[in-house]
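In order of appearance the chains are A, B, C, D, E and F, and numbering begins at 1 in each one.
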Amino acid sequence: MLWKGYQVMKDMEIELAKAQVLIEALPYIQKFKDKIIVVKYGGSAMVDEDLKRKVIEDVVLLKLVGFKPIIVHGGGKEISKWVDKVGMETKFVNGLRVTDEPTMEIAEMVLNKVNKSLVSLIEELGVKAVGISGKDGGTLIVDKKYSEGEDIGFVGEVKTVNPDLIHTLLENDFVPVICPIGVDDDFHSYNINADDAACAIATAIKAEKLAFLTDIEGVYKDYDNKDTLISELSIEDARELIGGGTIGGGMLPKLNNCIDAIESGVSRVHILDGRIPHCLLLEIFTNKGIGTAILNKDAERFYEEK
Amino acid sequence: MLWKGYQVMKDMEIELAKAQVLIEALPYIQKFKDKIIVVKYGGSAMVDEDLKRKVIEDVVLLKLVGFKPIIVHGGGKEISKWVDKVGMETKFVNGLRVTDEPTMEIAEMVLNKVNKSLVSLIEELGVKAVGISGKDGGTLIVDKKYSEGEDIGFVGEVKTVNPDLIHTLLENDFVPVICPIGVDDDFHSYNINADDAACAIATAIKAEKLAFLTDIEGVYKDYDNKDTLISELSIEDARELIGGGTIGGGMLPKLNNCIDAIESGVSRVHILDGRIPHCLLLEIFTNKGIGTAILNKDAERFYEEK
Amino acid sequence: MLWKGYQVMKDMEIELAKAQVLIEALPYIQKFKDKIIVVKYGGSAMVDEDLKRKVIEDVVLLKLVGFKPIIVHGGGKEISKWVDKVGMETKFVNGLRVTDEPTMEIAEMVLNKVNKSLVSLIEELGVKAVGISGKDGGTLIVDKKYSEGEDIGFVGEVKTVNPDLIHTLLENDFVPVICPIGVDDDFHSYNINADDAACAIATAIKAEKLAFLTDIEGVYKDYDNKDTLISELSIEDARELIGGGTIGGGMLPKLNNCIDAIESGVSRVHILDGRIPHCLLLEIFTNKGIGTAILNKDAERFYEEK
Amino acid sequence: MLWKGYQVMKDMEIELAKAQVLIEALPYIQKFKDKIIVVKYGGSAMVDEDLKRKVIEDVVLLKLVGFKPIIVHGGGKEISKWVDKVGMETKFVNGLRVTDEPTMEIAEMVLNKVNKSLVSLIEELGVKAVGISGKDGGTLIVDKKYSEGEDIGFVGEVKTVNPDLIHTLLENDFVPVICPIGVDDDFHSYNINADDAACAIATAIKAEKLAFLTDIEGVYKDYDNKDTLISELSIEDARELIGGGTIGGGMLPKLNNCIDAIESGVSRVHILDGRIPHCLLLEIFTNKGIGTAILNKDAERFYEEK
Amino acid sequence: MLWKGYQVMKDMEIELAKAQVLIEALPYIQKFKDKIIVVKYGGSAMVDEDLKRKVIEDVVLLKLVGFKPIIVHGGGKEISKWVDKVGMETKFVNGLRVTDEPTMEIAEMVLNKVNKSLVSLIEELGVKAVGISGKDGGTLIVDKKYSEGEDIGFVGEVKTVNPDLIHTLLENDFVPVICPIGVDDDFHSYNINADDAACAIATAIKAEKLAFLTDIEGVYKDYDNKDTLISELSIEDARELIGGGTIGGGMLPKLNNCIDAIESGVSRVHILDGRIPHCLLLEIFTNKGIGTAILNKDAERFYEEK
Amino acid sequence: MLWKGYQVMKDMEIELAKAQVLIEALPYIQKFKDKIIVVKYGGSAMVDEDLKRKVIEDVVLLKLVGFKPIIVHGGGKEISKWVDKVGMETKFVNGLRVTDEPTMEIAEMVLNKVNKSLVSLIEELGVKAVGISGKDGGTLIVDKKYSEGEDIGFVGEVKTVNPDLIHTLLENDFVPVICPIGVDDDFHSYNINADDAACAIATAIKAEKLAFLTDIEGVYKDYDNKDTLISELSIEDARELIGGGTIGGGMLPKLNNCIDAIESGVSRVHILDGRIPHCLLLEIFTNKGIGTAILNKDAERFYEEK
């Protein structure tokens, strides 16, 4: 191959720009070398095939440059689809779907299907992955959860995380892909909220970072004013915001999860907009960052209102 | 607690008899210490809850006394049930069910459900297990399989076994529970015959023993005469029997699998009657043995016609 | 081999009962997996050839199912026999035999002979053993012991246990068989009471269990009433019993040893009747238990007077 | 921080393009994971401060994404400068500078100075490096070299490479930076041609890749026609070219080195234009490749004359 | 402390001479670093307390400077003493003492006593030792030996050496002290000739050196002429000497042992005069050497007749 | 070889005396097994070729008998020689030579030259060595040092020692040879006083011993009276001496270094007379000791005035 004339010069310039991008990634690679990053994967990024592939590419890249990513995923819409498919009806309590025995059975089937399909996507890109549920290796032990005192069926909250299997997989260079199913002390299966599971795992495994892929830009100071996105929050700020009562419904438990994780030793929790392609890479490898970061120390107020 | 009077003596006798049973197990425990035993789990032993629990107890005991058991399971009837449940129709080719895309999706869901329920049963008895499919860790890579040249859908035959994940699990004291799903070179999912998968895994992992739990007593010299059960077969004997044309339809591929496994280095393959409770323990811990054993060297003719 | 007719059914029933015994052992195997069990071996169980073999079988089984047994043995009667044989006379102080230089020489010879014969018995059953005295690897360092201030010769009490050699042997899958001889700081040999040696070793090596094989049923509340055997004792109970003054002479130092061991971290100490065949197995693998157990926490009062 | 309006969109596009570059690097990172890459560093890239920094950045990035780079460097012009500085005169034999004792002393001083300055540049970017000469750990043992039979002083050719120290450094995550000084069997110091040293080391250490940073674009089919740059060569091609007599003087020994390295097991040797910034990255992370690659199998003829 | 005047100078000279001796040991320490040296310990060096201590000092020094010494010892005279002591009579066959059951019992007791006393001597000098017989760890398995077809009782010849226990001890920094007792396939004890045991162990453990401590100066060309001591022999020379019929009775089996050991991979066998203090050190750390060395290659004829 | 007549007897006596010297070394070898000994090498012992070789022999012997020696060296006179050679002038501040940029460049070149020549001397004696500066592996990080507030150029004092590289080399059996150059936080090179560097390294690496090779006999109570040499000092004594104002100029910082090292955990610091051949061996392997030892506990007053 020969380099000559104008096109050659042009091509070279492009190549050099590319090299420059790689070089810019240096400090970030150094910073997270061998660090564990838990990615709660959900929302649009699980539905849109293109976004899905990009998330997986990000995870694979993180693994290849030396990080230790873990995926925790949900499967919400897919579960509803299959509940319908088999012609089952759904009971509601306090507006919440009740996970009775047959629903749990379907939930488990669907979550495992999603789980293994993520495994294959990762392996297609040349990295070994292993799909587990919280039942494997006794990883997630739960207590039954009630909604305002009412029975909502087989919905559990994490009581104990046994991280042995996850550590075994990480040490042997597999990417763990985890679906949020656990067992109670009698070994019955329970569904767990994926955000809660990700938070419990990140805490138990002493992750450096926990990233929630969501369908919003991040946390807003004023939810009704999209110009008030906050880029960085200390946990004091977070508590204040929650106290202020302006935090939207879906964000509230997530923010509480963030606070829990930070208090249990996770350094940074990120609420990312999963609708942005490669949002994980952008967050980790650029100075700008995207979404909202919750930090583990009294962060200087970084965020500005606009 | 006091030992006195007649009852005490009687109790003691019973206890001593129990101690004697444990002592009799000594040579078998020594023989299989650290050896890998692949159990193909299927048939009635997967349906009857009592038999199921006894198989799991056997596997747990094998693990606790130092063996390294691996379970490979199918899920046949359960798959049919769910295919019906969602109202799907089934195409047939050469009398074989065609595994089209939607069927494959259901098969995978069901097999994973069965897989995780076996994991929980094992963990309930205090041993850690991990449920994987052949997709995890790239364990089973398949080629598409045809039936007499006709397309029967996503049915694969094992091309390569990558035993890394299985070894990782065994070394870290987990019991691998494997469902027979693999991927082709394009990472599409395929269903694999569980007998074939068990045989391929036993071979790749250099198992000491491969045991098929079936719904028949074993191999008969004359299938129509139940008095002609054969207790031990060399592979020469096996080939001769096959040549003789008296081997029943279901047994033929199983026998061929046995021959393959023995030729690839597995020491012994057992065809056990899964309807007998604790058939695994009985086979391993007693002199009598049950079912039919296929041996890896020119075994003396042990079997007699009656 | 064929299963048919009545005899077959009968045989099968027996086999199933055997399988059941093995299954019942499961929880005990799990509980003591990789745990160290020190067996003080002495009394009738060392004299009667049949009992001897059964103790060794028990130790071998414990080893094979994953425990880590250590044998500490005495050799009392055998020593006296040889002292007579060479026509030596014996001095007594406070009714205790004085271990002068020539007696010590014979004691060491005899104990080593017993030691190596136990090694061979274990190896005959297919498990590797190594016979050591406390001189090997500097395992037992002693101070000279006096009886009420009077010199009784080369009788030592354990000052330090160096557990390196024992750990090396355990880690390399050998059963250590230890005879109770130690050296003082000038490297002279001393005889040690085997109970004391077992207790010191169990403590230093952080054993889970210490079992004394004795020639009595256990501890009696009232030594003269054989109906008052105690099955479980807390150390408070034990101290109370000692204070009560009803404990027989031979049992007193043994009970003090038990209290010491429990206080130094051994979980359970057992006083077993070595005259019962397979007493070790019975104690470990059955719910009933035999003999008297001294526990490391305020055990509920389990024992009843009858 | 908020994303809004046009600038935000524009910024995001740039960020996404950057993410894309990282994703494109995936297959190359996978391919060279844990592979050893020997970089012969010399020419303009050692003189121009900006180019120097870019080479070091490349090496640091290679290390961080999981490769194992080794630098072998010369120091030519710097040596001449110091020989002048101390007012020494230079003898010539066959037009070659004679490395007498005082010259060797200066050469060693200068090469070590260059060596340690490269170490500091690497460490400045956050990666640990260790500067060694072939004397350390007995790494390079030489024979005296003659020029057409004439004595040219302390110039050696590599007789043995002892790779222990290099392996120790690689395994402990240090980047070895090696200056081409060795000792003969009497432990006298000798200067070694840096190309030869790099080639000998790459061979001994079983490197995946050996890259020569030079001051030319690569190998030309016709040296006088800069349009005849060859992008890929098999060793047969290389031999043919050499036979053809059109290979320029400086390139001849380099090409022979390449052939040697390929024949000894190095997969690919690259002759790169060190004057192009980030030439190492460009070669490794882009499809285009730059310079001339010599391959270890009968490569298809890739190159075209223009 | 001050250095002054004449005495100081004198003292210093002595110290320097000592330093010089240490420095002279350098090449020998390097040569045998981590090498296994089997010492057959017997004869006068086991009887004379001063010689005994010096042998042990030598072994301890060898251990401390990095060699791996193993002692194999006999106990001949001591056994006879105890056989007499218990008033036993001795049968003879072909002039050889018959080792009947009671004799074997005493032999084992005495050998173990000697064994443990050597252990204590070594430990007194600060190095850990472990005394084993061939029964421990199944180290020495024997066949019954006959003398010209006649039964001489429990005298065995080594059939198999299982070196696992010895390796375990060496790797954990213990000096193995081995007494030559083994078991046959039925686990009966047998006495083994110590020279034979040492030779079998040296061979199995792939020792670098095997040294026999004897009561003669070495091998003589003409046994009746003490001026014909041979300092080095090839195995060809040894065979020739044996053929010549001039080799004395006691030396003949020893020489055959030497030939066997050399042929099985031991590099050098030494016949040393155990009556010379520190003969082991002298042999290993000086150029002169003492006694007779049998070499594993066609050694040049080093020896001269005088 | 034959032993006969008078000469033989005489030779043997000499050999035995040599063996005795080796035996006398036993307790010292035991004491320092696997212990780290930092040798600050400088003064006459670096100039006189014969003394140099003897120091290296000592270091090699220490290594071979199991110690872990580290050499830290200076290069003072050699640096001045080269500064003159290139015709540079020297600025002075407070009577101290200013290390400007060009001087630093020469210092680094010279120190590295000295460093590698020591490496070769060690390797010539058969032990592997690696020459590093404090720049390698980020071993020595410095702060700029001022002399009474005045700028004296690139002279640093050690701020941090990163011992990873040194540990890596020690664990892999290399002798580290370290020249006292470090970098500041901006990665500029600085010269460090070799005594200070040795002291900082000994402290960081938790050395057992730190030995300064100097050109004086040791510490004198009264510097003007050479009869007042002190053989042992507690740090209290040392402080008292310093307070007394009788300590000579060159000795003052060295003594302060000693106190620092002892306070940071080094057990013993020695000030040795490097002009005495084998002074290291004499200090370590003889009871007498030479020079002055500073001890880490309230040593009894050992020293006497004469």
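We take it that contacts are C-beta pairs under 8 Å (C-beta built on N, C-alpha and C of every residue); 3 or more make two chains touch, one makes a residue touch a chain.
Fair warning: this is a prediction, and the values are worked out from it, not measured in the lab.
For the pair subunit C and subunit E, there is no chain touching both partners. Contact with subunit C and subunit D alike is made by no chain in this entry. Touch-path distance (fewest steps) from subunit A to subunit D is 1. When the contact pairs of C-E are set against those of E-F, A-D or D-F, over half line up by residue number only for D-F.
Among the remaining chains, the Cα-based centre furthest from that of subunit C is the centre of D. For the pair subunit D and subunit E, the distance between mean C-alpha positions equals 56 Å. If each chain is reduced to the centroid of its CA atoms, subunit A and subunit E end up 69 Å from each other.
A ring topology is adopted by the chain contact network, closed into one cycle in which each chain touches exactly two others.
Ring order, beginning with subunit C and continuing to subunit E: C, E, F, D, A, B. Residues of subunit C touching subunit B in their complex: 1-4, 11-12, 15-16, 18-27, 29-30, 33, 57-58, 60-61, 64-66, 125-127, 217, 227-229, 231, 276-278, 281-282, 285-286, 288-290, 302-303, 306.
Those residues of subunit F lying in contact with subunit D across their complex are 85-87, 105, 108-110, 112-113, 115-116, 119-121, 123-124, 128-133, 135-138, 164-165, 168-169, 172, 174, 181, 183, 187, 189.
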